[in-house]
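There are two complexes below, and they share subunit A, which is joined by subunit B in the first and by subunit C in the second.
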Partner chain A sequence: MHVPDGFLSPQITVPAWIAAAPLWTWAARRNFGASSTESLPVVGSLTALAFVVQGIMIPVPGGTSAHLTGMAILAILYNPGVAFVCESLVLLLQALFSGAGGFTVLGVNALAMGLLGPGAAWLAWRALRGLSGRVAAFAAAYAGMQVATGAVALVLGLQHRLSPAYMPVPLEVTAVATMVPSLTVLGVVEGLYTVATLALLRRARLLDAR
Partner chain B sequence: MKPRDLVPFLATACLALPAAAHEVTSEVVRDRAVAVRALAHDGAALADVTAEVFSPSSDAIPSWRGRTDRNGWIAFVPDAPGRWRVRVVDATGHGIVTPVDVPAPGAAATSPAGAPAPSAMAMLVRPLIGVALVAAIFGALHLRGRRTGR
Partner chain C sequence: MLAEPRRSQAFVVAWAASIFAVSALADPRALSVATLAALLLFRRGALREARRVLVGVAPFALGLSVASWGWLALRGEAPPVSPFAALTLRTVLIAFVTFSVLRRVEILRALAPFPTLSRLLVLSLAQVHALRLLATESALGLRSRLPRRPRTRDVLRSSGAITVALLTLSARNARDVGDAMRSRGFH
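After this line comes the complex of A and B, so read on.
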């Protein structure tokens, strides 16, 4: 799902950085101040887990592979701002040490996978949590995955429109290649991951009653 | 045989000359192509995905376009020295841009043609480094929060 360096032009990467930078500052100040000290071990553990699951490639139809984000759970337990900062940290470390994503595209990837996806998950969670906790968590993670994947596909498609020299594959192809696996496999696995992780955290008494 | 008896044969031979325009020949030359292999970061080959090669003189128009083979390889024959770029991308946006330095004829290569594929050990160590860094960052934040909270 990561957009790699070299596939987006400055017409997209620069505005994304300009949009993401103040949001990083705001979200970090709001969510990682002195009052958040007690939640940091859980947030850190879920961030480390997200780093690991984002490195596990799941084979999907079409001969390619994809991965989870592990961010919906942070949005559900805390808020999308926490997920945004944590996903941005994961993306930065991946760019530095794993060769996934990249520095110039960090803003785009962070906004798609760290803000839009978790934001959609958080909204779905708030809308559905009155029905059933597990169903709401599953649906939230599923929705978050679709929004994040759709955002990445749209950005790649937009880049093809702006300059095919950067992204030679058109939106019609990118949308199908990304959304079909996301709708059929990734969303379901992300949902199961979120429900299972929530259950483990509750069983370990690491959460207050949510 | 009189010379004039040869005329029909020569005329026929002359008629056959244009047919040579349809002839296709080939030559096999080794050690001229540059091969680049595209691998996902888990080590799996990026098979049958779009690949483009850009010469040092053009960043916008590829000098070669095709698809990787079943093992993730593409090969091209550079016709000028300088920094060539190989772009490989699948339909989901996974890809890489690899620079390939081609030395001038007769000059020794001053840099490797490209980065080698990461080893299995590197694949194993990377997630551990990432997890350790995340733990260190959040551990430091937690300790700082506890100290300032006292």
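After this line comes the complex of A and C, so read on.
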């Protein structure tokens, strides 16, 4: 659900950067200080894995794309702050080296896919983990995907409302084009990916290093 | 002429300002002028970067614009083409400027004032390289174990074991990179 560079004007991207910058500083200092040495290998691996899974993108009408994020797992294992920093890194790497997403829209993409999505996933995980670990992980990833996609669709709709000449696609089109694949396919695949990766991390005994 | 790292930092600041300025343009004529200016400014290596943009960015941006235009046309709204052309041109121009500037700067030197960001970026880049290498090795290993070309079913069946190996090796690699950076006083 990346928004590419050029699809949002500075009217939206600059406030998003202003909102995201202090959150990046706070989350990085809180989660990646000197005491994080032990968890860095797992975080680094999951960030790289997220970079790989987010590289497979399908363009959808309305100005965004459909892909997995792999961020719910970081929110579940650590907290939404770790997911926010890692997702922002993934987005920065993609913007700089593969031209996906972009630098001007980094704040918007990071807030949607790195903060709101993983935040929703973390809340769902906390609410449901008493029932069953797998069900909670699946539901968390599914909820995170829907919230992130919905946020991106809303921002693109807001851009159309601000300037139809700049962004000619209305919210009705963007919302349908993004939410239908997200609700029917992507959310389910993200849920399965999260459950499977958690199981694999346990099998590889990597969670002991946390 | 500025010395490094000031030169790279100045380039990065100018690049950020210019792409935000380009992202404010909505008129196709203004975008065309900006594209010509960018091609003139970055004429050295322009063909290489243009090819990279045409392969990596333009199909995606064009696909988005065509799909959006098609959707609106199917609803009977017959939207004008120029906003969609501007949308695509904006995306392509920003990508061209980004790739051209990145070719000319040392990004890690430019980010030196932000040590946490540099550290995380180095760690993530190292992991991405490690994962790509390991994925290639795993694919070659799978191919060598089968008498025929691996099918999707073969890849899916072995993906669990491959992912475990990838994560284990990647975590080990991340630990090594982290230790190396710490031993050099990075954090």
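Note that the second predicted complex is superposed on the first by the 198 of 210 C-alpha atoms of A that agree within 3 Å, B and C clash if a C-alpha of one lies under 4 Å from a C-alpha of the other, contacts with A are read in each partner's own complex, and residues count from 1 in each chain.
Convention: contacts are C-beta pairs under 8 Å (C-beta built on N, C-alpha and C of every residue); 3 or more make two chains touch, one makes a residue touch a chain.
No experiment lies behind these values; they were computed from the predicted model shown.
Trainee: In the superposed arrangement, which partner chain does A:95 touch: subunit B (first), subunit C (second), both, or neither?
Mentor: In the superposition, A:95 contacts subunit C only.
Trainee: Quick one: classify A:156 as touching subunit B (first), subunit C (second), both or neither.
Mentor: So A:156 only meets subunit B here.
Trainee: Which partner, subunit B or subunit C, touches the larger number of subunit A residues?
Mentor: On the superposition, C touches more of the residues of subunit A.
Trainee: Touching A:173 in the superposition: subunit B (first), subunit C (second), both, neither?
Mentor: A:173: touches subunit B and subunit C.
Trainee: First (subunit B), second (subunit C), both or neither: which does A:47 touch?
Mentor: The answer is both, since A:47 touches subunit B and subunit C.
Trainee: May I ask you to decide whether A:103 touches subunit B, subunit C, both, or neither, giving the answer as first, second, both or neither?
Mentor: Second partner only.
Trainee: For A:128, is the partner it touches subunit B (first), subunit C (second), both, or none of the two (neither)?
Mentor: neither
Trainee: Just subunit B (first), just subunit C (second), both, or neither: which does A:9 touch?
Mentor: second
Trainee: So, does A:28 touch the first partner subunit B, the second partner subunit C, both, or neither?
Mentor: So A:28 only meets subunit C here.
Trainee: If we overlay the two complexes on their shared chain A, which of subunit B and subunit C does A:203 touch? Say first, second, both or neither.
Mentor: The answer is second: A:203 touches subunit C but not subunit B.
Trainee: Where on subunit A do the contacts with subunit B and the contacts with subunit C coincide?
Mentor: 4-7, 32, 34, 37, 40-41, 43-44, 47-48, 51-52, 57, 62-65, 89-90, 93, 97-100, 165, 167-169, 173, 177
Trainee: Of all residues in subunit B, which touch subunit A in the complex?
Mentor: My answer: residues 40-42, 44, 47-48, 50, 52, 59-61, 65, 87, 89-97, 118, 126-127, 129-131, 133-135, 137-139, 141-142, 145-146, 148-149.
Trainee: Within the complex, which stretch of subunit C touches subunit A?
Mentor: 16, 19-20, 22-24, 26, 52-53, 56-57, 60-61, 63-64, 67-68, 70-72, 75, 79-80, 83-84, 86-87, 90-95, 98-99, 102, 107, 116-117, 119-121, 123-128, 130-132, 135, 160, 163-164, 166-168, 170-172, 174-175, 177-178, 182, 187
Trainee: Would you pull the subunit A residues touching subunit B in the complex into a rising list?
Mentor: Listed in rising order, the residues are 1-7, 32, 34, 36-37, 40-41, 43-44, 47-48, 51-52, 55-57, 62-66, 89-90, 93-94, 97-100, 152-153, 156, 165, 167-169, 173-174, 176-178, 181.
Trainee: What residues of subunit A sit close enough to touch subunit C in their complex?
Mentor: Against subunit C, the touching part of subunit A is residues 4-10, 13-14, 28-29, 32, 34, 37, 40-45, 47-49, 51-52, 57, 59-65, 85-86, 89-90, 92-93, 95-100, 102-104, 163-169, 173, 177, 196-197, 200-201, 203-204, 206, 209.
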